[in-house]
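Below are structures written as structure tokens.
Two complexes, one shared chain (chain A), two partners (chain B, chain C).
On to the complex of A and B.
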């Protein structure tokens, strides 16, 4: 009996000792899609974190940074919520990057609020998911209207007044359609027609004929990252729609650098709106692209996720440094991050003081071949575009 | 004549293994550093797999769209929570009713078909519901899921906390209650008739058993249990999305049941335990390549445990006991 008591006391001492040590480190949860069809974002997450740690070391505010990586497996709120619960209650992470996708973000918010864990939202672009019900979250990605509105203005300004709108038939697509059509009407453009493309196995040729018959000046496309974007750009080119003088536009998803090479020359001339291009002209970005490529290799190319995660790391380090020495205080951290402006590889960025959403420059880009490589070249800048 | 009631009583008696199993589930809570959120999810999946076992294991009907009933329960509980009925226990019971009705109708629909056609009908039903929920964005929130679900504290005392403590005991309690009911159900004369129809339906008809009518009843009971699992998920997470109705879920639950072993209620639970623990463990170990290991595991389980883990262990144990020559009472769970 006595031995058991001694063993228990020793165990308790050991546990409390490790507890004391744990205070000198900060754990950051990384909840992204590391497997499945969206695993490219997981690869970029790893790449960006690796680069940031190499440039800035593995301590911030005198605390050692540790990571807990978990795979959200894509838009899967049941799994994401449990993982958030697990990393918060068992791994005791103090900060969280992720989870990605809107339904995951929504499912995780109540836990983060109750546990007071500041999080950086990435890979979820729906309007209004940041705010009152998730006051510990900040978004380093973008909000859908940010990309859709400027493009409508740009089109009308260039006298492409009749626009045909084609979106993928799911929640973000409907969202984007709404904002684009609104902005088009506000700029007194004309809606030449619209269609919604199913997410699974669409056959594009029929759609191309419908678009041609509507005789628009321009075609606006919103497709999710990946296969559908590649498919529709190829169809637009193969069907001769592109050659017939109709301007092809879309959100930057359709010409994302990670698969732009797979689209090939069919992408040339596409006008897109985006938050980041590897061709962005700034010293910071040149350094970012050079060092990222040196560290992680040229493939897969740098996309929006990499920049968004890199910026989340920036904010995390700055926030921790601002409260160096003391015990980690989540409220202080959030009030530091909200309202902060900084220079990102994508350009100037501000995290909104009121609700943690993002204000940033949006660039109109033209896809072109530069030194034999397809690139999104920035041709016009909309400054400090809000998230609403 | 007293042999028949005695036989039923013998079947209904709880063995030592069963009691130990349930005590272990309750005791797991107190282990240091145990992932109780994962265990709660295992209870919910286990209940879901158990509901499918009623159809597949006891009646021999495979359903490829069982998530339809799970999702029906999940959304029903979600709507109740959203529009003011936050009391969890009554909410759970109410959520089982629409799914039971849906199951009864499905039973009516499929009672004359069998084999591949049956798979198609259940699959089709699942897809219709999925599409309906995904497209009715005004009603269900579509892809983003239903927002604003509020669940009252359990029994007015225990609120659903972020550690998942209340969720643990609530889902374990609901699982146990439904298990006791299903266990009595399959050991009843009706349950025996089901097994008879599975083995030889024509013979059962000749005995005067209403084979076709029985299908809608077992479908209704199975659907209600699946809906309870769905409602539990909604109540413990305060969130519901179309993923509850996905075909992937129908496939996963079938895999769990097959891993565990069909036709003994515990199979679904064991299958859920193995499948989800492995998945969680492998995914944490290597977030990028874990699907490879899951695939390998499935292949190995199916090749070495032909009938599923539980029946194979049972056979192995019987052999061992016989060899040791001291066959005492209280065999493995049956």
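On to the complex of A and C.
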């Protein structure tokens, strides 16, 4: 018993010593999916952090940056809650990047509020998850309406008046469907028909025939990242729907660069709305793409997760630099970040002063082969699209 | 009318795809009485072998299919010799847990060697697009699937269920000691049966990759469908697997066409109905 008490005392001394040393450093929690079906976003997270550290060094505001990296394994709110609890109470992180996915973000919010840990939301696009109930959070990703509304306007402007809407049958899909149908009605377009595709769906041909029967001018698609996006684009091409003159549109998920090559030529001509393309024309983006690829290799390709994490790092460093010398103050940090505008590789970005959500340009892109590689080429810009 | 016939054809083609995916498990279950969920991993392996052969070494698509078969067959013999043969006498639950563990290991292994991304490959031009057949516009790849699936079914039904080799395997499974005493090399026969089951799974993966996509999570994503087809068809009958594939494939596509609001529920509803009606599957024998 005595030995245990001595050991415990020694351990406590050790812990408090390391706690004292931690004064000169800032710990950033990194909660993303590093394994499982969604591990590609984790790979991009590592790649973006590595690149940012290489470009900007490992200190900000005179403090050394340390990372506490944890794997959320996907949309698992109970895992996310446990991990947030752990990094906040045990590891004492001062900042948090993540967790990804809407359910995880919601599970984390109360803990972050109580512990006053500013966080950067990435990989969660649901409207309204940033704001009152998580006033220490900022979003560097995008909000669903940002991508779903502009395409309705674009379609009607191009005289594709009758639009068929196909979404994945889960909450984000229902959200996107609602925003798109609203925007379509507002632009006086016509809803030619709609359907919801189950999340586990290897077979699209019945849906394709249904869409063909409705004779729309255009088809709008919202699918989550992954095999559903690949499957529906291939089905649209194989079934001859694309060849019949129906325009194929969707949010940027369906032609995400991380698997665009796997979709293959079936993707050519698809019109998508996105926040980031590696082909975005700006000096900053060219440098970003070049240095990212040099550091992390060409595969997997850069998707929007990489940019979202990179921007979170930018804000974290700027916020820390702004309070250089002093003790870390989370409230000062949040009031610095909220309301901030800066140039991102994706274009100009503003973190909302009121609630920390994001306002940014949304680009209409056309998928094309550029120098033998499939790319999302930006053809039109909707400037400063809000998050509501 | 043309629309209905096209949908029906697509359903049949999807049915053949389900059959091709599941027949490997059906063979190993029926002949060996061994619940090998790792068949889904052999499917994935076949897919990756096809992609590696066509993309990296420039092998034509058709020639890559036997390669996929052989690669998966070799892997399944290796696994059978190293691991599975020690578990022939155990109960179903042990076999399920063991082979499910192998599935997870295969996912990690494939991620290690090929990365987590979806694989890219391009079909030859003659397999893409549409063809006009009897006034219907049909997808070329689906026509190819129907022909390949029908050929495979014929080969298996006449070549495996009704041959001496099939009888030898059944003898070994029923009573290994007596079969051995009659002069059969039981170890070799088990390995051979496993090679055929694994090879078929590999072939299925290579043929399915175009429609289903290919990434390390392939086995977990499609294992459910494989299990549904095998249990609806009846454990281990090849004609039963074919019947189940065609029935459920058609039900799924027709359901999605006529009642899209119910999503993909048709395939599950049909499964429950069949299992209530015939608990041992369409063509299943009482075990």
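Quick note on the criterion: the second predicted complex is superposed on the first by the 370 of 388 C-alpha atoms of A that agree within 3 Å, B and C clash if a C-alpha of one lies under 4 Å from a C-alpha of the other, contacts with A are read in each partner's own complex, and residues count from 1 in each chain.
Going forward, contacts are C-beta pairs under 8 Å (C-beta built on N, C-alpha and C of every residue); 3 or more make two chains touch, one makes a residue touch a chain.
The shown structure was predicted, so the numbers you read here are calculated from the model rather than taken from an experiment.
By the document's definition of touching, of the two partners only chain B reaches A:70; chain C does not. When the two complexes are overlaid on their common chain A, residue A:334 makes contact with neither chain B nor chain C. In the superposed model, A:232 makes contact with neither chain B nor chain C.
In the superposition on chain A, contact of A:102 is made with chain B only, not with chain C. When the two complexes are overlaid on their common chain A, residue A:39 makes contact with chain B and with chain C alike.
Common to the chain B and chain C interfaces on chain A are residues 36, 39, 43.
On chain C, the positions that touch chain A within their shared complex are 3, 6-7, 10-11, 13-14, 111, 115-122, 128-130, 137, 139, 141-142, 210-215, 217, 221-222, 224-225, 249, 252-257, 260-261, 263-265. Interface of chain B with chain A (complex): residues 33, 35, 37-38, 41, 134, 137, 142-145, 147, 162-164, 233, 237-239, 241, 243-244, 283-284, 287-291. By the touch criterion given at the top, residues 36-37, 39-40, 43, 169, 195-198, 200-203, 205-207, 209-210, 212-213, 226-227, 230-231, 234, 238-240, 243, 258-259, 261-262, 264-265, 299-300 of chain A touch chain C in their complex.
The residues of chain A lying in touch with chain B in their complex are 34-36, 39, 42-43, 69-71, 73, 75-78, 81-82, 85-86, 88-90, 102-103, 106-107, 110-111, 114-115, 126, 170-172, 174.
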